[in-house]
């Protein structure tokens, strides 16, 4: 039996078709009807899509049912150490290195003992115009969870 | 010659005095006259303080000149792998694991080839009320830098 | 000679067929006549199956003898560091990080010097309804083994 | 200023006094009025105690205010790789190596895409008599959290 | 030119044929006329075989000359970290973790400064009946080599 | 309160006194009334001793009650990666690298799916005279445990 | 859909064609109309090329549109630990090991707290004749960025 | 016998005295009569100084003979992985990640098979004014060494 | 375009042909007209060969132009951690572990501050007859390079 | 009881006294009456000395009985990864990276399947005059050991 296409192969199909058709991630998100970061992450293999979402994307990009099937599979969200060394991604890791303990202190001061959820959680990426050079603004927004027995 | 107190020892002094005097990080930041996350990070040893800033904090907390001297030293901002496993900090690392490639794609789509600076950069931590449980909102805001020869 | 299909390839066949036929792991376990976690682990390649068990599963899922042969092979049960970073699995690792030393103290207090066997051992996964949100309950149940010369 | 005793040093004090006074972890938990695993973990430095809880333990064990102060401090819950190689703790890691993917499949089958919380979470350690040798039963019980935007 | 089959591929051929023909490792060792552990290790790629030994095995198992050629190649005996995490193998590593320093002390007490050779060396695996459960007995037997200038 | 001496410090005391008094490990084992490898490992901190055993050793070596107290503490048996690179210990690791998979195959052939216990387990170190140079013989002897649900 | 050729495969095509046609990197850079190090890095997959640049190179080397397409893709610039051990590259790492802290001190003395940008940044490689043996001169030239809130 | 002060402790003395006396590295280099980067590296422990050089620095900074003795000791120049994660130093590592293979290609094209020496080698750090922001210019200058039998 | 054969594939071709034709490394070195260790290393992919050298070897072994082309390519000489665990190679690493600091002290005593070059460098492997067993003699011979600014 | 001085502390004493008295390693070796590399390694803690050897060195250097006692202790010869990155030592590691597989091939060609012993083994360091710059010659000389059952 032909195994289900891997989510990595499906992502490669999406990326190829996106470039060749000239679609933006924003257009794909609108077609899917979901937030921009969520849609991008899902198409790169980090969230399972519902059948209608997968079909909409594959229709827009001219991709087959095998891709649509793969996009619906429950993913493993494993760490890719090499990817974390890409400079665009590394700067976020560096920010955690420099500011992680301060963020921890301030979460505990404001909320008590607990964490920001990374599951009940959204991310937003936007541009903020600035005369000294526009800025990348990335917002992490997660429910506070307190240690509770 | 008595060596300058390490920044780790100075941070331990600040944390001890802060707890015993009941001061909040917010109060320390106001005394210093600097942003909250910046001040917290600086007092934990991640930014050098100006002499007046260091003196103000030590005055408020009843700490000596040795602490004030240490707070002004240029830091090493090295990674502490153990600290990154603390659950409160780890959730940010996990978010990068899940969303890092999507953030990279969207930065490139919006800005072209380059990165969000982690140097010309600010961080903000705040609470957003929500009926399903208040939320931790952490904003990373850095100047876009394009690869430029 | 065509080598025996790897257990990873056999698991990929099982997962593909399970999704396409809409079978649940519970149905597969009933067909096999074995506990749910055991059956799932075995089909993912972590336990050897008896011939009749392998045949029953392959019959239900429409898979060939090559899959059935592979399911009976003695496995290597090696660690997959990447899989341990998947958030669903990572939370268990984090729990060990936080509670491991406490669990160790309590085992020694109750039983003396020794360990919980991971071989004479069962695992159970279940749902516990709760008005504040249902709960995942995972039970590790292993024979106590004392250090004995 | 004398820095606050580290939580590791406080744990060493508790362990020393517990052995010399012959107290069990169960007795300490009853004195604190909290669950057994929680109390043990807190005294080993993994949860902050409330002032009254810390005072009760120190009173029972004849320990000073410096220990009580340290027990109330917000902890770092960082991973200790060496501790994870202790055989009593390692068996749990091995169980995750063998059964982690199966547990992940069954959580997703029963609950959908999400995780067992390790924060809104309890652990229990108990003995189950068995004619072939009594068994260690460790139960992880955490709220299900679904990926939710 | 068709490269020589790798020793890993040859081992896969041997394992496949051994299972399909129902031969035991003991039978293969007898056919080869060499010790059991040596033969098993050699067929898994860890020792080069003489031409007659390789031919005898391939004849018994119905394997071709390409396998026989590969079995004679001088091997790399490199460490496979993943294999060392398999529970059956890991217990030996754990035993070294617990008893390694004691074994070192006793070798030095008995023999002086030096080592047990792992080259002029044999291994034996056997079963020892025991009313409380039969036992695995593994014997390492190596020539003592003293540091000698 | 003076914390209990660490087991590492107690071992250092035992080793110092053993060398200065000229005692052998064998004499210590006889005094303790326990097997040689077990006693050596226990005195190096890898097993807890009973009170009478600890007292006997400290009496023989002229060590104080603080050492005797430490010898009775339940140990962490954590891995020491550096120690494993000592040539005398490394040869055992190398033997596992070369013969581990063969040992695994033969355990499964003889006993079925399971492991040699490292808990219900003994080790013996002895000398075997040989005209080509005496040999170090190390025997690992552990109860077979089968995977059993 | 045939996926876009990977940048690694495109680099392999460029390297193959460069060797077979006898072109130098300098000639390729002139054809592209960009600096030498930039062009070499881009052709090895570390910078995206504009369409005209990619076409010019592929025309010169007789490579197809699939290579030209791949050269325009936005790269991951991930670390390749193995490559860093090549002696020609390793000497630079060693220089950072020996001189990194000194360079850091001098940047801070001259510029204050901040970094040399690796994005707004150029590299030059040249030969400097010297009677004792010609010298390799590599210049890193990046905009100073100060930590700025 | 009081052991020679470690080079790390001597560097700590130099750094303390340099800050308290307000001397620049440039002034120290002039006093020593050696290049700026060399002097800074030597005072941080990476090169042995001649007796007169060490005496000159200690005289200028008011440090004792114990420091002067330590500055003359032959160093270990070992890698400090944590230091390499400091952002000011990390940017150089990142540059090697991005440009290392290109630098290697160009060295081989210009010089043939060999390396830039890191021993017969100098480093220079300077400022280059630029209307868009001044630039850090770091020059690595090493003798070419060809592989030669 | 068919990419140039990798040096690993070329080495596999050489090794295959060498075994099937019964040639020794010594014969290949004589054919090439270069030292034995150099030739062996080059054929295994660690040095580029000149065209005539590559042609001579391929002629002797009956290999094609594709192999000869690959043997001339400039190599990456990257570390292969697994290969370093092979016992035959590991003994050299162990010797460095035991004697590395002593060798360093003696180089500095004899030559001053600097290193043995690994580039202007030769290696020789030979047999030295000895009545107690013949000996492997490996000589490393490299130009001394002193740290020189 | 005062524990035996560690071998690291004893080495620090020897190094301090050697520098202050101006003795060379060669003079120490002559006093000890043992080979130069052996003596240096032993004084740095890698071989146990006999009582007379230790006494001779301590007498020459004016060191106490505590040092002499420590020099006689059986060492752990553990790997020090940081030391291996020192450039003077690293070049040997690099040579193994480049030539290790060639050395392995040639040992097997000359001697058959086996290794060079690192125990029945000597090392020599010498200077070889050369008009193009004197050379460091390091000879490893170990008994060949064949795999022998």
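Each chain carries a letter (A, B, C, D, E, F, G, H, I and J) given by its place in the written order, and its residues are counted from 1.
Note that contacts are C-beta pairs under 8 Å (C-beta built on N, C-alpha and C of every residue); 3 or more make two chains touch, one makes a residue touch a chain.
Given the structure is predicted, the values throughout are model-derived calculations rather than measurements.
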| item | value |
| --- | --- |
| Repeat of the B-H interface, chosen from A-C, B-C or D-E (over half of contact pairs identical by residue number) | A-C |
| E-I or I-J, whichever has more C-beta pairs in contact | I-J |
| CA centroid of chain C to CA centroid of chain I, Å | 47 |
| Inter-centroid spacing, chain J versus chain C (mean Cα positions, whole Å) | 50 |
| Between chain D and chain A, distance of the C-alpha-averaged centres to the nearest whole Å | 33 |
| In chain G, residues with contacts to at least two other chains | 77-79, 83, 85-87, 94, 97-98, 108, 114-115, 117-121, 145 |
| Complex interface listing, chain E residues touching chain D | 85, 87, 90, 94, 97-98 |
| Residue numbers on chain H that touch chain G, as the complex places them | 24-26, 36-37, 40-41, 44, 46, 77-80, 83-84, 86-89, 91-111, 114-118, 120-121, 123, 125, 127-128, 130, 132-145 |
| Residue ranges of chain I touching chain G (in the complex, touch as defined) | 1-4, 73, 76-79, 118-119 |
| Parts of chain A lying in touch with chain D, wherever the complex brings them together | 34-35, 38, 47-48, 74, 108, 113-115, 117, 119-122, 145-149 |
| Chain I residues within the chain E interface of the complex | 12-13, 15-17, 19, 62-63, 82-83, 85-87 |
